[in-house]
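For reference, the structures are reproduced in the following blocks.
Note that chain A is present in both complexes that follow, paired respectively with chain B and with chain C.
This part shows the complex of A and B:
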């Protein structure tokens, strides 16, 4: 569902998973806090979606209930793959029954499993899901994915801050007006979801810009 | 009438309807064909309502002759649809001084207002401009839908009944990608993308691939192109297939290859500034919609 949607980027690092989304401009009288794009499904899993907000709300609620039901039944938190499969199965059901229309959302689901390995999955309205190392959804997903393909290296994701910077750099490729339109969330192993404040995002953006300047200076020195 | 076995004549029911019924039907048909004065009045009122009027800018009076019969024209660029109009506004209209020459006012069921006599200037749907430094270069910004019955009137009022052949027409418009006939699935198409269709007399090359068979175009762009083909006027239509029909930055930017063609050469100066103007146009027109995230 790529029409009229804003960019979402998901990156799976070694010790961290990062979700970055493009913030859409909020109306003056609108409470910004209620325009949420990154939602926690459980303490160790979160998801970002692109598409119809109302459809996403329904899917997220069902996923959240399923996470708790699973925990109560088998006394283990869901694996990221399990909850992704649940969401994908739910979406598929709506493509195959009369009188209902598919859920108009694509989702990026990230988290850590009990075995300590980070996961990133993407689902689409047809109900298919795939695991990714890094992916983007939204109108300009192709451009962002190309950037990720070029810049996703084992070094880039080994350190937490590098993974975060990669997500921000990928978004800056397509987001208009820079850092203040980016929302970021991370999950570190055995830690709950952390949403970045605007200031924290700005810090990373300035660091990225500094690095870019230094790289350009080095290049011009070499050519001189 | 049928003869029975015993020789008597019996009036048999005719499956085609009785003779009386047939007579009645014929009478009804005749009445239907006979137009009452009320019918005529209604028909004339409707024709008046749907008339395409070309008005002069200053005086707001109707032009007596067709626009291009009154003014000599060497180049005519027509933008139809909100994305094409935004492209010309940002890239062409701010690179020179364009003077409004007139506007076309029309009403059809697609219009948002029902009042046909008091259309405000903001609702002047088809505005015609010419370049002050070269008055034979014309531009038309058409952001309304011109219905099938009005297209011929529009062409007559703009081009006239005997148009000159030494002008070049460029038409820009958008279409939804589902209209693009292809064996591939629409999801795999790189929308937005540009396709061109030109008349036989257009000798220059297009800046994008030509529209493949079945090369069907619709509405006013098709009417203008057909007209130009019939009158042997060189014309080219640049059609942008997009998946977002509302005003959209990526769709408008898909028209950029046209800036390098002969049609727009010399008319575009400051491209970075134009991009800024385009972005501003997008944000001011952005409808606050919370449906999508």
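This part shows the complex of A and C:
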């Protein structure tokens, strides 16, 4: 059973939402591109999941169909809350039916609504969902969440690059071997999902390391 | 799931628009009969014939209608209301079969209210129109006759949609529906501008319906005027159609004092006074060949 419990981080910025994911190191002969943890549900919503990959596939498929059905029935794209509620309702149905087992996934759903406000929701296998400013799921979720609680400030999310750096920093707390194992996706207001290439992630990681060094130098100067 | 399949049990779909009416084709008609033909031959002669119009402009959406409900050559009700409110920011003008319109509007109200409770905000006018047309297109071919213009103000400003019971759904700036619509369109097309003032819009709407009631046998009674603004809909006035038409005709008569500004001295009501003051026409030409319509006929 392929269980994906690697770290996922979601950050809700003012003009951007960021999903960061710890990449599983693939076997030599495996094609990396087929291992995708971040999936677009529609142009303005995407999600990352932790748990049983096969279950996630079913949920994502249903969610994608629902996004289009909603557009067909009422002409407007789904709000992030709507599609989260749909996924949560779907999960709940499976906890209360005979002959079925619950979906074994937690999901982070991010996106922008028509009114331009960014949203981040988390669902769990029981079918509950909550809105978050920043959250993490996966095996080291607690550590990452503590880091986020300390470092999620209004300044930190005011600019796009700061929000991205916060997500990467949060992941670096628990991810081994640094930037190579981080996958990043962002949605900017009124723009579709953008997946970062390894090079772009590396750029941010080097920037973060530089900032860290400078901060340390300042500290040591002060203490002297 | 396995047990469900064995028992052949279907979970009711609570998400889709479900008016809880018999499904299409589920009406009780004699066996072996095509429902449409049966209804056409033996069904009740339903009420038709009306003039309704709606147009969208800078300050909202105007909806106007006559009030005559006719059943063939019998006037069933001379003072019916053909503009139905759906919610605070949405009105619908109804034309076609009165009963069908009333029913489907109640169904639409229910759907929109449920969605408002679920989503936390009212669906847009475009959504409402989509829902209505989708629900009605399921009954296509069964002689439903609902021709309606949905007038509303939502997040994207004033919106106007025309929905017909065969599923047609059109967005537009001006719509007139009913047996008197050709006459109304003539007046509307002449006088419509997106940048009209509110008073000009009221005048235009009243004028259009009045002219339609004058020529169409199935339109008459009074002229209802509604205005949907950002703050919600408002019933502006109900004026008798004959009186209105006579007043319009009076404005056309050449005045004894011919002066260049064409000020008509006689407006009895405040809104008409405002209207006349706004007009500043050049030398008084009343020839029909003029590119600008003579001032009088545009104002009420």
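The definition used in the following text is that the second predicted complex is superposed on the first by the 220 of 224 C-alpha atoms of A that agree within 3 Å, B and C clash if a C-alpha of one lies under 4 Å from a C-alpha of the other, contacts with A are read in each partner's own complex, and residues count from 1 in each chain.
Note that in this section a contact is a pair of C-beta atoms (placed from the backbone, for glycine too) under 8 Å apart; a residue touches a chain by one contact, two chains touch by 3 or more.
If you're wondering where the values come from, they're calculated on a predicted model, not measured in any experiment.
Is the arrangement of chain B and chain C around the shared chain A a clash or a fit after superposition?
fit
Quick one: the Cα-centre angle at chain A between chain B and chain C, nearest 10 degrees, please.
140
Go through the superposed model and pick first if A:114 touches only chain B, second if only chain C, both, or neither.
Touch partner of A:114: chain C, not chain B.
State whether chain B or chain C is in contact with more residues of chain A in the superposed arrangement.
Higher number of touched chain A residues: B.
Based on the superposed arrangement, let me know which partner A:100 touches: chain B (first), chain C (second), both, or neither?
second
After superposition on the shared chain, which partner residues are touched by A:58: those of chain B (first), chain C (second), both, or neither?
So A:58 meets neither chain B nor chain C here.
Regarding the shared-chain residue A:139, is it in contact with chain B (first), chain C (second), both, or neither?
So A:139 only meets chain B here.
Please work out whether A:24 is in contact with chain B alone, chain C alone, both, or neither, and reply first, second, both or neither.
After superposing on A, A:24 lies in contact with chain B but is clear of chain C.
Let me test your reading of the model: by the given contact rule, A:49 touches which partner, first (chain B), second (chain C), both or neither?
The answer is first: A:49 touches chain B but not chain C.
What's the minimum Cα gap, in whole angstrom, linking chain B and chain C in the superposed view?
Minimum C-alpha separation, chain B to chain C: 23 Å.
Jot down the residues of chain A that show up as touching in both complexes, chain B in one and chain C in the other.
Touching chain B and chain C on chain A: no residues.
Name, in rising order, each residue of chain C that touches chain A in their complex.
Residue positions touching the partner: 1-4, 16-17, 115, 118-120, 123-124, 126-127, 130-131, 134, 155.
Looking at the complex, which residues from chain A come into contact with chain C?
Chain A reaches chain C through residues 73-76, 79, 81-82, 85, 97-100, 114-115.
Which bits of chain A are touching chain B when the two form their complex?
2-6, 24-25, 27, 30, 35, 37, 49-54, 56, 139-140, 176
Of all residues in chain B, which touch chain A in the complex?
243-244, 246, 250, 279, 283, 286, 288-293
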